[in-house]
Structure formats: C-alpha cells, structure tokens
Amino acid sequence: MRPSHRHADELRIVRITRNFTCHAEGSVLVEFGATRVLCTASIDESVPPFLRGKGRGWVTAEYGMLPRSTHTRSAREAAKGKQSGRTQEIQRLIGRSLRAVVDLAALGERQIIVDCDVLQADGGTRTAAITGACVAVHDAIAKLIAAGKLAASPMRDFVAAVSVGIHKGVPVLDLDYAEDSDCDTDMNVVMTGAGGFVEVQGTAEGTPFTRKELDALLALAEGGIRQLFAAQRAAIAEQ
Amino acid sequence: MRPSHRHADELRIVRITRNFTCHAEGSVLVEFGATRVLCTASIDESVPPFLRGKGRGWVTAEYGMLPRSTHTRSAREAAKGKQSGRTQEIQRLIGRSLRAVVDLAALGERQIIVDCDVLQADGGTRTAAITGACVAVHDAIAKLIAAGKLAASPMRDFVAAVSVGIHKGVPVLDLDYAEDSDCDTDMNVVMTGAGGFVEVQGTAEGTPFTRKELDALLALAEGGIRQLFAAQRAAIAEQ
Amino acid sequence: MRPSHRHADELRIVRITRNFTCHAEGSVLVEFGATRVLCTASIDESVPPFLRGKGRGWVTAEYGMLPRSTHTRSAREAAKGKQSGRTQEIQRLIGRSLRAVVDLAALGERQIIVDCDVLQADGGTRTAAITGACVAVHDAIAKLIAAGKLAASPMRDFVAAVSVGIHKGVPVLDLDYAEDSDCDTDMNVVMTGAGGFVEVQGTAEGTPFTRKELDALLALAEGGIRQLFAAQRAAIAEQ
Amino acid sequence: MRPSHRHADELRIVRITRNFTCHAEGSVLVEFGATRVLCTASIDESVPPFLRGKGRGWVTAEYGMLPRSTHTRSAREAAKGKQSGRTQEIQRLIGRSLRAVVDLAALGERQIIVDCDVLQADGGTRTAAITGACVAVHDAIAKLIAAGKLAASPMRDFVAAVSVGIHKGVPVLDLDYAEDSDCDTDMNVVMTGAGGFVEVQGTAEGTPFTRKELDALLALAEGGIRQLFAAQRAAIAEQ
Amino acid sequence: MRPSHRHADELRIVRITRNFTCHAEGSVLVEFGATRVLCTASIDESVPPFLRGKGRGWVTAEYGMLPRSTHTRSAREAAKGKQSGRTQEIQRLIGRSLRAVVDLAALGERQIIVDCDVLQADGGTRTAAITGACVAVHDAIAKLIAAGKLAASPMRDFVAAVSVGIHKGVPVLDLDYAEDSDCDTDMNVVMTGAGGFVEVQGTAEGTPFTRKELDALLALAEGGIRQLFAAQRAAIAEQ
Amino acid sequence: MRPSHRHADELRIVRITRNFTCHAEGSVLVEFGATRVLCTASIDESVPPFLRGKGRGWVTAEYGMLPRSTHTRSAREAAKGKQSGRTQEIQRLIGRSLRAVVDLAALGERQIIVDCDVLQADGGTRTAAITGACVAVHDAIAKLIAAGKLAASPMRDFVAAVSVGIHKGVPVLDLDYAEDSDCDTDMNVVMTGAGGFVEVQGTAEGTPFTRKELDALLALAEGGIRQLFAAQRAAIAEQ
C-alpha cells in the first residue's frame, strides 16, 4: 500500500491553471497533488551571445524553491549567493526538455525564458515544472502569433514528465515526498506527445536496479505521461 | 483622477488568505489590489550567533520577487549571486517592523524567520509584505502556544504598513505601480495598532516636499493603516 | 543631560575641509564632532548603461567604513566579498540626496561618482557624508566650469542632513555614538537649502514614536540643517 | 562508419595506470582513447557536518577540466569564481556512483574524497572518471586496511560507466568527441559488477528516441561495461 | 634629473603622525611625500583557527586604496566583491614584514590586525604602509603593556621599507608615481633595524637588470631605510 | 647534508616533455624531481580590453594546483569560489616572467594564455612552471610561424627560474618540500638566457638574511638557471 493509498499506476490529482499571474506572456500554476509550481514564460526579443545574428531562437529555464515550500525551511539561494547543484541540474533539464519540442529556427531570433518557482513541494517538482512549463510556453507563443510576430507556432509537439520509482519493492508512478524519501530507485522520464523519449534519468539510491525493473518503470511512466498530455490539452482547450 | 479611479484616501481591495501553503507555521497570501505577496513564518528553535545563550529570541525577514512578478522580467537574484540593495533595504525594514511588536524576551531563545515572496507586483510590495507577515507571525506563534512551547503570546500589538505619495500634486493613499512610477514623493509608513509610528520613510523623487505635504501624507497613512488593522483582525477571526 | 553635555538642540562642532586629498575633482573632509568622513567627487565622462545616449547625466555614491573607524574592528567588506545591507542603504541614500539638487539634464552625459569613506565614526556618518558630499560635488562642478565643459552650474540648491532622535525621552539633535546606541527613536532628515524635505527616515528602535514626537524631531532637524547650510556656505566662501 | 573506424560495439583502448601521482591514497590515470582523467582518492578522517557522530562514512567527488584539456581553451572555473552547472552535475553523478558500491556504515566515520581532473578531453570524461575513480577508491581503502584502520573492505562491488549514443542513426558504444558533438541521443550508463544499474541518463539532443533505440543502447552499454570491469580487475591484479 | 628634482639617493619628506584616529590601539598616518597611508593596529584577543590552543600569537595585515586615492578613480573592491591580486600580494607582504620583528610566542594567544588604507597615492604605498604599520604595532603593544596584559614588548626590532628603481638608466631611491610608471626596474626592500633583509622583491618591467644594478639598488635602499628608522624613532620619542 | 642527499649547488633531475597533451598549441610537462607541472600555451586571436586596437599582443598565465597534488588534500579553488592570494601571486609572477622575453609588438594583436597546473607538488612549483612555460610558449609561437601568421619569432630570449634558500644555515639550490618547509630564507630567481634578472624575490621566514647570504644565494641561482637553459635547449632540439 502506498502512503497516499494510490494504486501503483495512479497519478496524483493534476491541475493546470493558466493565467495564474498577469504580467508574464504565459503563466501556469501546475499542481501534482500537494506539489505546486508556478511556471511563467517570458518573451525576450534578444538571444544569448552565442546565438546572436544566427537567426535562431532559444528556450531556457530557471528553477527555484521558495524557502518554506519544503517541510523545514531551506536557505534562500539568493541570500547564500549561489544556486545549488540540484537547482542547476533541474533547470538545465527543464530547458532541454522544452527545446526538444520547439523549432528554434522557426521561433526566430528571440528567447523564451521560463521560470519555474516551487510554491509548495511534495515530491516531483521537476516533472510538474516541465509539464506546466510546456503549457506556459504554448501560451507565450500564442501571444507572439496574436501580435503578428509569428505566422505559425514553432511548437512541434507537447512535452510532459513524470517520476517513477521502486518503493518498498514495488514500481510506482508519480512519487510524492513520503515515497521519494524512502525509495530505492527513482527515475524521471520526459516524453513528447508523439511517444518519443526526451530524457530518462534513473538513479539507484540504494540497491542497483535490474533491467526488468527498468522496463516496469518505463511502462508506468508512459502510462502516466499519456494522462498528463490529456490534462495539458484540456487546460489549453478551456477559455 | 487617479489611474485606478480610486479616491485619494481609498485603499485598493485588501485580501488576507491564511494557510495559503501547508508546510510553514504561518502562511499568508496578502493582496493589495493586484499586488500579491506570499508571507510565510517559520519557527527555528535556534537563534543567530550574536544572541546565543542570552535567553532572548529574534524575528528576521527575507524578501524576494519572482523574476516575472513584474511587467518585464527581472534577473533572478539567486542566479546573479547577490541580492540587490533594494531587496536588502526591504527585508531589513520588514524585520524591524515585526520586531517592534514582538517581545523578544518572552519569545524565548528561538527565531521566527519570515519569507516574503512577491508573486505579482503592482506597487506597494513592501507595505503589503509587512501587513501580511504580521498575520503569518501571529499564526506561527499560535502554533507554539498550541504545542505548549509558550504559555502566552509574545506579540504585544499588530503592525501594518501602507505607502502614500504625491501624485500629480495630490497626496494619495496606497500607490499602485502606475502612480508609484510617476510620483514626486513616496512615503512608506509603518504603525502599530496602538497608533505609534515604527517607521516613516519619505523620499522626494523629484521636487522636495514641504512640511505641509508631509502632514497630509501622514494623515492619509494613518487612515489607511487603521483599515488594514481591521482587515488583519477579520482574517484572524475567521479560522 | 546629554552624554556630551550639549543642549538638546545643539550640533556637534562641524568642520568642512576642502581639498583634503589632491587627485579628486572635489575632496572634502567633513567632521561632525569626532565623526570624520572623507568625501571625494570624481568626474567620469561616461554614464551608466541605462542612460547612454539620452543626453542626461548621473550622480551616484559609494560608502565605506575603514575597518577600524569604529570602537571595535569591523571586517573589511572587500575581504568579505560583499557590502552589507547597511552600506547599500546608506550609499543609495547619499546618491538620492545629491541627485535631488543636481539638474541631471544640465549636467550633460557625464557622471559624478561620490565616495564617502568614514575615517573615524562617532554616530551620524551618513548625515555627515551627505553634508560633506554636497560641497565635494560643488567643487567638482566648479572644475567642469573652469575647464569650459559646462557654461553654468547644474546644482540647483544645496543639500544637508542631520540625525535627530529621542534619547532618554528627550528629542535631541545630531546624535553621537553614545546617544545613537541608546535611543528609542532615530531619524535622519535630508533637506535642501530652500527648505524642502528630500528624505525623512524615522525608525523606532524600541517604543513606537508618537506624532507629537515626530513633530518635535522635525523641528529640531530643521534648525540643525539650517546651521549646516551656513557651514557649507562658509567653507565654499573660503579660498 | 564511425569517425574512429571502430565497430559500433567497440570500446576505445582503455588504460588504467595506478599510482600515477605519489601523495594521494589512491591515484589512477584512466584513459579511454585520447580522454585522460586523473582520479585521486583522499582519505579524510572526518565527515561532513550532516553525518557527524552517526558512525557512518561518506564518499564524495569533485570534477574539473584543465582549461586546455579541450579543443579550444575554456575559462578556468577557479578564476571565474564558480563551477558550471555541467561540472556540478558530473561531480554529483560520480559521487552517487561510488557510494552505490561502498558500505558507508562499514567505512566508519571517515570520508573518501575523490578528485577527477581531466588532463585531456575527447568525449566520455565522466564515464572514464567513474571507471578510474572506482580503482582509486579501491586503492585508498587498501591503504586503510594495511594501516589497520579497517579489518575488511567496505567495497561491496565494482562500478564502471560508459556512454552510448545514436550517431547518424546507428547506436554506438563509447562516443568520442567527434561523435558526441554530432549525435541525436546520448546516454550514460553506470553499472555494478553484479550487473545492476546505478544510473541511466539518456538525453535526446535532437529527435526523441524510441523505446527500441533505448533497448539497443542499454544492450551496447552492458557489453561495454563488462569489458571495463575486466580492465579494472586487470589493473588491480598487477603489482 | 628626477621629475621631483630630488637627488638619486634622496627620500621624499617622511612624516609619521601617531594617534591619527582615536579608536584603534595604534593609529598612524604615514606620509612619503604625497603618498599618505593610514595604518591602524587592532588588538584581537583571539587567534586564527590554525593557531588556537598553541599559545602563540599572530600579526596579520589588510590593505586597501580608497577609490579616489589615485589619479583616476579605481573601482571599489568591496563593490566588485573581491580584492585584486595586487591587493592580496601587498597585504601578504605587510603581514610577513611585521611578523619578522614580533616574537609571536611572547605576544601570547592574541592577534594584531593591521589595516593599511591609502588615502592618497603617489607611488610607494606598500613601503610607506610597512614603515607606518611598524609604529602602529609598537603603539598597540604599548597599550597591552600599559594594561598589564604583557610584561615586556614582544617586538624584537623595527622594520621599515623603501622602493628603489632604475629610472632613465639611473638607480634612484623612493620612487614617486611619475618615476614608478616610467621605470625599467622596480625593487621593494624591507629591512630590520639590525640591518637584516626581510624581503627583497625586484622586478624588471622592461630590460632585465644586471647584477651590478642590483647591487646599486640594494645600496640605495639600505641608505634610505636607515633614515626611515630615524623617522620612526623620532615619532615614537615624541609625546 | 640535504634531506635529498644532493650537494648544495645541485639541481634535482629536470625533465621537460613536450606535446604532453594534444590540444594546446604548446604543451609541456616539466619535472623538477617529484614536482610535476603541466604547462600549456594557448593562442587566442584576441587581446584583453585594455589592449584592443593597439596592435600589440599579450602573454598571461594562470596557475592552479590539483587538490591532491599536495601531501594533504587542499580545497579546490573552483569549489571555494576564489583563488587564494598565493595562487594570484604566482600566476602574476609567471606572466611577468614570460612577457620579459616576448616582444609584444612583434607578437601582433593576439594573446598567449599559459596554464600551469601542478599535478604533483614537491616544492618549487612556480619556478618549474616558469621554466616549462617558456618551452610551451616557444612551441605555440612555432605553430604561429608554421601557419604563416608570424614571419619571425617574437621571443627575444629564454627565461627560466629556480628557488634557492638557506637551509640549516647553508645556502642551497632548488629546494624540495622538505627543505622549503624548514628553511629560514627562500628566494625565487628568474633570469633570461642573456644573464639578466627578471625577478628576484627573497623572503626571510625566520631570521632576516644578510647581504652576504643574499650574494651567496644569487650565485647559486645563476649556476642553477644556466643548467635549466641547457635543459630547455635540449628539449627543443629533440624532434
């Protein structure tokens, strides 16, 4: 039995709220159960130095946790003066995942900067962030199209992510904090709507995992991500 | 006529939502119109080094703006590796304001760390933060009492804050961003429920202000803050 | 009785020594009793990025304390690798105060950088710094005029500052360290020669202050600042 | 045809040179073709703060590239004042991989710090580092046993790693720089001698990868890592 | 002819003013012509971690230049967030020079921290700093003796320093800025009262220097430093 | 008797291995006994800002020690976020020494960046680095000539360095770690092939040194450096 009484292949309740704040071109609050992440997508009509004059765009992401989004307070990274290795890993993962579904040449020489800030953490913040950021990027691009700056969307597909893991010997979908802090193997899977893998990151915290377990985890993840695409489509269909 | 069509002495709609997030001992979303600040109060059973072994407690605050809480995206302070002078000024102000109403000896050798994070900015983020943080501290202290760690509350009074300014020659209450970015004089006033001043910070951005204007601004501020105390009391009365 | 045996409305002895060092365009040693601050004004024929090409100038300030300007040694900020929140607050205040009396358009696309370095501290370093820096800026502008780079002075007025506070229940003028470290309310007031307020920053360290106390402090400050303008004028008249 | 004319399932020439430098308890130069990484393991008879007094040990890793280990010079991280996100990701990966095969309780309250410094880079520096570091940790532990500080080795198994990827549509083993900078999918696989997976990190740089491709890559990796274990064993058997 | 019309073996006018500021245990303004450095010596009744519990003391130094002590303004190191390589070289040199004449065991487990801050620079700031700091340390130790904390002085000798160089082919003593910025070889020499060398640091900026030139420079330095000892003794004899 | 049983005027075995790594334009492993330093010279077809458009080139150096190049592990400077004062002193010394023998005007508007990374330390790392870097710069310039970018070499001479010191009262050449950590006076001498001095840096760690000792040390250094030039020439003659 999972701590949350969910079935092994059951996602937490997923909510995607668009236009959560008013200034960003895309602003999405994504909730995977008690995990809540605010994802904003900002259009920046310039590109990083390494892309200047090449006619291609860029999508990048930054990630942060509010100090008391967690059970006990974590030190504020701005006050410590640097971002942790974990923060940097996560924001690089989000950026790569989003770039996998955006045609950067078609985006033109501009940049979409995604900020994923965790308001409340209960496991799976990076996978929720990717799933919500995809919708925020969609909305920001819609603004570019509405403003006549782009004729067609450079988004080639959707992207979503979920965590899976082996908890007390059982492969389970969408780990919450109680499971995440007590599991042997933890895997984050990022996929596109067409069913391709963008990232597979599996880590054995304790006992190494077998090939068979890996297969079971991938199957769980595929099922969960299919539901996340439905949630993204439903959110976009509204309004 | 103010850009928002408010009367000169009219606050924006103020909302105080308690228990906005689940982990912090006190968690308040405060809204002054479109300005939204999440204020959490965390109990830390230790004190900063300069207070160790003295039997007294401490209340401190940190402040941050999410990168896209503003009209155009601001760089993330954690990524830049330092907090701006403005951020430091504001968090010092919030901390001093809260300490003015907490009996630090009665709090015991523990610390309340308040985090004020701006989700959406439309002027007056520091005054909203002080007003919301007061309620968050109240709730955190209530948890200490409920847990039997304190017999009585060390809060001696409430504290609230509002901005006032001279906009197009007219003293007005509770400036929003449109007024704030176009005013001659801007003043932040922090008061206690008993009617004492904790902070008065007036700055002439353009023409210096006269003593008469100063008096008019203080009168406006006193009236506005009285309404904020009512909003704090109403929020606390709800349970 | 004040620790210094001064009357409540009595300034410390104020000395303003021009040309204290030889390289800066303006170089003033200002003394408020035992507080000694070296204020230099440097002309920089460029402006910060946000002003480039706009035809307007800028005045900015930096502040520092020598490590042993204080009773006990403070760590060197350059060695710690960052400026404290207090330092940043003070240098922002000095910059704003000076900009209030300089016509930035008339200054042309150049910058005056003021450095206020405390050689010896005995309370009131920021107010001494503003008072001395005003004369240093005057002298630097005089060099620009003498060099034919400006036809007329862009200084519209003088600016000076003093601290006031409530010490053992009595409002007093120009607090020294002994009073400053033992007072309930501390206020810094910055005014122009024409009698307008540029900044009013009052803080209750202990008991909040009343409106009546605020009025008494402002009256004391106005009287003190009037004497500071006389000292500035006398210094400039020399030589 | 691969740029190096290797078969798809062919490793580069692997060399493991022990005692490459004289001060470290374990010092290994590992070469995967032209990639050369110096891995040292240092015994530290203390542990990080979060483990103090718990009777358990720790294994951690740091990673760096000499500025001209690469085709064009990269800025020195010590001079820039911070480690890149990539560096942090890699050193966290190395540390986790090594901890997977060391019984931290049996190690006792001490720490093994592994430094992996790239002398020459030609792709696969992180997988070479893990493979070499495993031998360095082995040698450092042997010194602890020889010194009578440990009765038996806390190493439960060996660990090795290799990269695999899809280059011009073909799954290949052990990518060199020419392949790495021109491949669609890149995967790093870390396994234990017993055949379990410690880490699987696959990333689509361009087109997402299919489940079938993932399976092919995992099979290649398993074959390659088996050869790496043989190389480790051979190195340890010498002398 | 030297730019200053001095003879080749002529020092600038040297002034040593004790008790220049009031808080430090030793406070000396040293002037070598237009070069003016404030040297304070602070007693700290603790020692750095590497000396704790060893019964020995320490003498260390920090160095800084006020931003406009120079012809054109230099960026403030505290604002840049780090000390330059030049600053660090100089403060390490000052510290080593002072430790050469203090018996650290006899000082007891306490530390003397010397701050050398350049108010006005005209070449030779590091040699002036060493010469002035020696007197400041003397005065700080005298306070320890007067307070009964030391029975006898742990200073074994005096230390002083001067620069020499080859300017337009001629070896000259005590370079000012005009010479320093236009010389081929520059050497700083630190000696003790007994005539021993503590530091000799010669650098060829252009043409390498010959052994004969080196000998000439050392002879000039010895003559100059002998006069500096006289100035130190005279300063200490006063009052 | 020296700890290494060498004669007082005997160098350690010196080895200079060219093309130690493959990417850098010049790559030299230099060994002074057990001290091993990897020196790479990288051509950069740009110059630092202060030289842009002046038609002159630049030679600069950076220095680092691998964390476990030393007897006990030193913290990694990249992880600490700053380079120590010692590191900065050494890299400035290496850069100055190399510039002394390169005609910067003849080099053209390009830069040679030298990286000296210590793989194994046993005293004398900075003098070994200078000696090896000279050969690396030679090789990098040879590549420029071979590529037709320079018609003739801008190197005017060779440069080499050695340490000398007074160990147990005896002047000795080329100190290893055992001597370096137990000597009274330590001097680093940098000379050109023509016999001129580029740098002389002598420091008394304990008792100040006399003029006679200084002369003895310089004589030893000259003899040693003459042998280093022979080693450099022999290395370049090979291949």
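Chains here go by letter, A, B, C, D, E and F, matching the order in which they are written, and residues are numbered from 1 within each.
In this section, contacts are C-beta pairs under 8 Å (C-beta built on N, C-alpha and C of every residue); 3 or more make two chains touch, one makes a residue touch a chain.
None of these values were measured; they are calculated from a predicted model.
> Counting one step per pair of touching chains, how few steps separate subunit C from subunit F?
The least step count works out to 2.
> If you walk touching chains, what's the least steps from subunit A to subunit C?
2
> Answer with same or different: of all residue numbers used at the interface between subunit D and subunit F, are over half used by both copies?
Result for this pair: same.
> Would you mind pulling out the distance in Å between where the CA atoms of subunit B average out and where those of subunit F do?
Computed from C-alpha means, the inter-chain centre distance equals 59 Å.
> Between subunit A and subunit D, what is the gap in Å from one C-alpha centre to the other?
The answer is 28 Å.
> Taking each residue of subunit C in turn, which ones touch at least two of the other chains?
Expected reply: 81-82.
> Taking the contact definition as given, in what order do you meet the chains if you travel the ring from subunit D through subunit F?
Moving around the ring in the direction of subunit F from subunit D, the order is D, F, E, C, B, A.
> Would you mind writing out the residues of subunit B in touch with subunit C in their complex?
Those in contact with subunit C are residues 82, 85-86, 88-89, 91-92, 96, 100, 187, 191-192, 194-204, 207-211, 214, 218.
> In their shared complex, at which residues does subunit D touch subunit F?
The contact residues of subunit D facing subunit F are 21-24, 27, 34, 36, 38, 40, 42, 44, 62, 64, 66-73, 76-79, 81-83, 87, 113, 115, 117, 119-121.
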